[in-house]
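Below are two complexes that have chain A in common, paired first with chain B and then with chain C.
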Partner chain A sequence: MTLSLAPPRPLSRLRHPSVLAAGAALVTVGLGAALVVAAGTDPATAWAALEEGMFGSPYSVGTSLNSAAVLALIATGFSVAHRAGLVNVGGEGQLCAGGLAAAATGLALPPQVPTALGVPLTLVAGFLAGGLWAWLAAVLRTRRGTSEVITTLLLNFVGVGAVSVAVHEEGLLRQPVTSSETLPQSEALPAGAHLPLIAGAESPATVIVAVAAVAVVVTAVVLRFTGTGLRLTAVGHSPSASARLGLPVARLQEGGLGVAGGLAGLAGACLVATAPYVLAEHFSSGYGFTGLVVGLLARGSLIAVAAVSLLLGFLTSGGINLQLAAGVPASSVQIVQSVLVLLIAATMLWSNRRTGAAT
Partner chain B sequence: MRARPASPAAARVPALEIRRLTKSFGAVRALDDVSLVVESGTVHCVLGENGAGKSTLCHLIGGSLAPDTGTLRLYGKPYAPRRPADALAAEIAMVHQHFSLVPTLTVGENLRLLRLPDLARRVDRVADEYGLTLDLGARVADLPVGVRQRVEIVKALLREPRLLLLDEPTGVLDPVGTEALLKTCRRIADRGGAVVLITHKLGEVARTGDTATVLRGGRVAGGGPLAELPAERLVPLMIGRSADSLDPALSGTIGLTELTELTGSSMSKTPQAPADRPGPSALRVHALTVRGTDGTHALDGASLEVGHGEIVGVAGVEGNGQSELLAVLGGSRAPDEGTVAVGDTDITRATPRQRTDAGLGVVPEDRHHDGCVPALSVAANLFLGRLGQFRRAGLFLDRRAMRRAADTVLTAHDIRAEGPDTPMSALSGGNQQKVVLARELALDPLVCLAAAQPTRGLDVGAVHAVHSRMREAAARGAGVLVVSSELDELLALCDRVVVAYRGRLSAPVDPHEPAARERIGRLMLGAAAEDSARASAPTVAAPTLTAPAPADPATPADPAPPTEAITPPTPPTA
Partner chain C sequence: MSAVLDELAAGGVRLAVPLLLASAGELLSERAGVLNLSVEGMMLTGAFAGAAGALASGSAAVGVLTALAAGLTVALLQAVLSVTLRADQIVTGITINALALGGTTYGARLLFGDGAADSVPGFDPMPVPVLHDLPVLGPALFEQSALGYLACAVTGALAVGLARRTPWGLAIDAVGEDATTADRCGLPVRAVRYAVVLLTGAVSALAGAQLALSEVHAFSDNITAGIGYLAVVAVIAGRWRAWPTVLACLFFGVVQALQFAAPALGLHVSAPLLTTLPYLFALLAVSGLVGRSRAPAALTVPFVRGT
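This part shows the complex of A and B:
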């Protein structure tokens, strides 16, 4: 108790979260500028290109929002599982499973299917497949005690591989091969399975943005205001005490991880149901892992999930434009992003330790 | 076999001299002004119940803890270990209760991990001198526990230590293994080494030790040559009597004594005597067997019955199956054999929820791990099992109603918390336990309450409150089962006391009979079991408790004739 008063005041002020955040941002900007200069570009030009890519046009804003929505869905799922004490590292695999199921469902629909039927069916298929993918790991955990970190991680490779097989085999989902230039990808989904645009023809933003927003809000409400949320929290904190109190621990854990997978699968379905409306190898673009990072950084706060998803979503599409317009490799944006993540994580650790010492 | 120990001059310098050692953990004084002397050429026993400070003493000697005040001297030289490596360098060897062997390696490979020079010569020497032979090619995982321990002891002896410290070495051994181990201890001492044997089992002490120090509540309660300390005197020293106890660590006992006066008499007037209630007893445990992972029996055909309105205590040194009994009752562990019934419901394989529905309340031993969720609020901890009762608009949790209901409970049970939203972890141990107890007592119907170490670590006031609640539950007609290592608590609280020893439960002892404490004490220490073992196996010779020990243990340079007397002849199986 007395020890917590010991650190001198200037130092403790330095450790204030906002000071740390500002420091992290400063370091990141400095590193970004250095990379830009190293690539032989004028920093002002680069900044203009980045800004253009993030906010410059309805198109860039729409792209950013779509990316942010995918990240938010995966991170929301991560938060649900995390509440139940499970770490879902398998967003990528669940996303692939969801995309695969969505593509199969969409392609099986008749070409004239109405949007009101086609879109929900495609998305539900994605949700179910992703949920099933995660549920496999959850059952191994609850029945056999296998670490879900390992199983979800390994199921990533299976999921990615399954997509690859499906789009390479004509017997599966590959479009008919007419020439040697036919890409290994599926046929385009029927128009009725395309996600509707929500901000006019100028912007590619689709209903996925609304879906993600609803998912974030509903999850926040469930976790905070319902008995289910409290039960999940209890199981996450102490499975043994929860079991003693008669909570269905296994069911809650399976459900928590299942929902996490379902939301990742939903994200995968959305990716397939967005232009160019095909399932292709690498359609996931690593969203599963970036979403995991968002979830880890948000640490259970769904407001933070929304904020970090938006930040990373905008940075990603800004980075694409940086390469196109200013000739700075997009990988430098990835470097900057990763450094930012590292710094945020480090500052959290630091401020955590502070509160840890005070209690 | 009896080589002359060290020269008389050397023998006059004690092997280990501990002066006024004190060690506190926060407010708890684990060791308080403890002094003891271990002469070379002797086996010195450190006796005491759980929590008496034995393991702290062990850690201090072994260098894994540093004392607050006090000094140690090893063969006359100041010895202040700051880490375990210092103890090794000072030629102190320790054998812990839990083995440090790599199970997938062979015995020989495990020994090679010590990286000692001349290993083969050392192994031969230990085999010659102590008769401790090992199959170096055997895989440790395939060996029975007793042999594994022999490997541990050989490991310790290979370093040719000047002082050997054994922490509860017989906890895992069967009688034959125990016999062999004690013989080895004796031999080491006879060769001039010094052995410190930390134990709570009285039979071993009498058979092997030369001198003893009894710890109780962190203080030295007594000690001296074992020849002058028969079991009749050791038992009261170990267990203590509430009357002459001024020890702060036993203040719970003092609270208890008052309690007996306060509520004890009124209890006998309560209308619900067990006989008034027809039907099956509140709790019936029949022939329960639980096997540990190493094949030993944690519970070995334990049977028990608790009537309605009755408080039954389970006494015993920890690790004799009490934890497993509660784990089976709580549903966290399935028994290998046997049945458990609450009222007329069989719950042997029921889920925790079904147990609750059958009317079984459980206060787990590990409050923080199994009893509550420390990170959640008091209200959540009280009602987590029945959140369905607090619903608003069909979907949402009615936190306001929960808070109100929790407030009522806080008041009714005199739980000191800032409010129902306070996290459980912010409460004192006593108040946490009151929350757990309040929750379990709120079951409707409450047929039986099973509580493990319900007052451990609580202050006097909280102990009082917990005891009162359990009495009230019994008065309302529930059966109450209390597992405790505090004998005074059980004597004050219970209608009957059974004793757990090596996975079995003894016949009940009436705590009101005059010699109850003595009898329970002997049952706890396995003294009765050893008596019967001796009776049935005459080859394991008699002269343990009353045998003439060395006439003057301060001069162990001349131990020959007396040692003969207290060393039991080789058991036929060894």
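This part shows the complex of A and C:
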């Protein structure tokens, strides 16, 4: 943490975040066009397909919003833990733990369970499991001093593995194997555990969008205007000074990381409770890692969390259509997204006066 | 029974060789304070460039050179981002891996037509006379390809030449433990970090080439499938020390080989459970339940003079 007292240099206007963002956007658009041309597709066709996939129909908007909501939940959790001075790299594992618990809970419910009961139970199970998953890392940090970066990173792979084991073993969550064609996945959740749609039958947008919006707003308010937010911030700035002031440092850190895991677990539960309503290997499709990237890029700003999640959510579903409709390899969208993230990460040094990394 | 044992040892070593090579580099990076999560991307790029180079030139040796060049390019990107631009090492590492996966998948579509390169010119096994007749260990250790022996030699050279008590090893540790003090003592902190990241890029690319050119003579999408992350985990499980890291790599190799050997032994083991074991093991090691463990103090902390 350095405090810069020097007056802004003349170049600083060029370093304004919006200038940098515009530059990054220009570079990525150019790169995207180059990749499309190299793959032998007409750029105009590709652009139309991308736009169609992002905003073209209620279906595409709904898909984009759902992905953005998953990212926003994980990134919001990340911001809470980050405020308490902890880096949660474990979104992917917590998401898996949440999805696993949600599937187990949903499948244990009676088939006729009403939505008013089934959905909350499933989501709460996901939240608790994700929270517990992260709390393990938090306790190792507060009691034994083990870096939470490393433990949460490792717990990702363990979480992914746990889902894999659960859907491969018939004694656990695998659907009854009737032939060699039976996929390693769970049975479908009962109708009472399906997330309700919020924008009519044509759009797949579910209540997860509302849940994520509430989570972002509530977190922003709590962090900014409440005593809890202040205490978390104090612990994040200096655990030793906070301890001298009598703050329960360990409890705040465990709570912060626990909430981060809980929100990631909630995201996992939502994924399982959305069509096709099953737990399968790779159901997380890397959301945990992308959500982490969103959280790190947003640097504690919940407005930025919402903006970046929406950007990546829309880009991803646009990219899927780019492949389906224009025949451009989906990998080109992955390339463009990664370059965009790298550019943002690389220029942070200039766009922000505080240079000492918080991590 | 002995056939199964042979299989287990050979399979274990087959996976452990690229793992050892990559984690030898990763260990150096982490000791110098750079958490190099992009090993996965470096390996994947190395495997792709190796296959592409070998296919274009018809020579496996040229493939190794193109792999090295590609690995160094990825490493340079990582070094510029994390050392010069002081960007977050976790973001850049994960993102470079995504970029490498996207880039190689896209490149494979463009260069290899249907997305996979089969029958790439590669390296054939070269049994060492006499030694390869040893029971169990012989077929496992002494029937590798030229690239495999090279991989083992490079791993050994790195482990011995840059060990804790050599001058260079000391410099690496100093930079990773307390960069400011190292800087005040006159050590070129950034140059050391650049050097280890580039070195990691080179050896990871070799490890990737070993996968594509020595073992299957082919490239397919995401051929590394997480071995790079496993190399990072091996360093963590080895508690940032050379010998425990080697043991972790061998253990991870055997655990993976067990997946294929278990049915022959009449064991029912869940394959996903075996895949998860290395991470659980690393978690136990790092949480201090098996001996003391301490990461380099400056791991993931960028260096800036005057703080």
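Operating definition for what follows: the second predicted complex is superposed on the first by the 340 of 359 C-alpha atoms of A that agree within 3 Å, B and C clash if a C-alpha of one lies under 4 Å from a C-alpha of the other, contacts with A are read in each partner's own complex, and residues count from 1 in each chain.
Here is the rule we go by: a residue touches a chain if its C-beta (ideal position, glycine included) is under 8 Å from a C-beta of that chain, and two chains touch if they have at least 3 such contacts.
All values derive from a computational prediction rather than experimental measurement.
> Clash or fit: chain B and chain C on chain A?
Fit - chain B and chain C, as placed by superposing on chain A, sit side by side.
> In the superposed arrangement, does A:225 touch chain B (first), chain C (second), both or neither?
first
> Quick one: classify A:237 as touching chain B (first), chain C (second), both or neither.
First partner only, chain B.
> For A:272, decide between first (touching chain B), second (touching chain C), both and neither.
After superposing on A, A:272 lies clear of both chain B and chain C.
> Residues of chain A touched: more by chain B or chain C?
When the residues of chain A touched by each partner are counted, C comes out ahead.
> Return first, second, both or neither, reflecting whether A:320 touches chain B, chain C, both chains, or no partner chain.
neither
> Looking at A:150, would you say it contacts chain B, chain C, both, or neither? Reply first, second, both or neither.
second
> After the fit on chain A, how big is the angle at chain A between chain B and chain C, using C-alpha centres and going to the nearest 10 degrees?
Result: 70 degrees, to the nearest ten.
> Looking at the overlay, what does A:338 touch: chain B (first), chain C (second), both, or neither?
Only chain C is touched by A:338; chain B is not.
> First (chain B), second (chain C), both or neither: which does A:246 touch?
first
> Taking the superposed arrangement, what is the smallest distance in Å from a C-alpha atom of chain B to one of chain C?
In this superposition, no C-alpha atom of chain B lies closer than 5 Å to one of chain C.
> Going by the contact definition given at the top, which residues of chain A touch chain B in one complex and chain C in the other?
In chain A, nothing is touched by chain B and also by chain C.
> Spell out the part of chain C that touches chain A in their complex, as residue ranges.
Touch residues, chain C against chain A: 35, 77, 81, 85-92, 94-96, 98-99, 101-103, 105-106, 109-110, 229, 233, 236, 270-273, 275-276, 279-280, 282-283, 286-288, 293, 295, 299-302, 304, 307.
> Residue numbers of chain A touching chain C in their complex, please.
2, 35, 38-39, 87, 89, 140, 144, 146-147, 149-151, 154-155, 157-158, 160-162, 164-165, 168-169, 289, 292-293, 296-297, 329, 331-335, 337-339, 341-342, 345-349, 355-357, 359
> Residues of chain A touching chain B in their complex?
By the definition above, chain A touches chain B via 225-227, 229-231, 233-234, 237-238, 240-248.
> Hey, which residues of chain B end up touching chain A in the complex?
Listed in rising order, the residues of chain B that touch chain A are 330-332, 351-353, 356, 362, 364, 369-376, 380, 384-385, 387-388, 390-391, 395-397.
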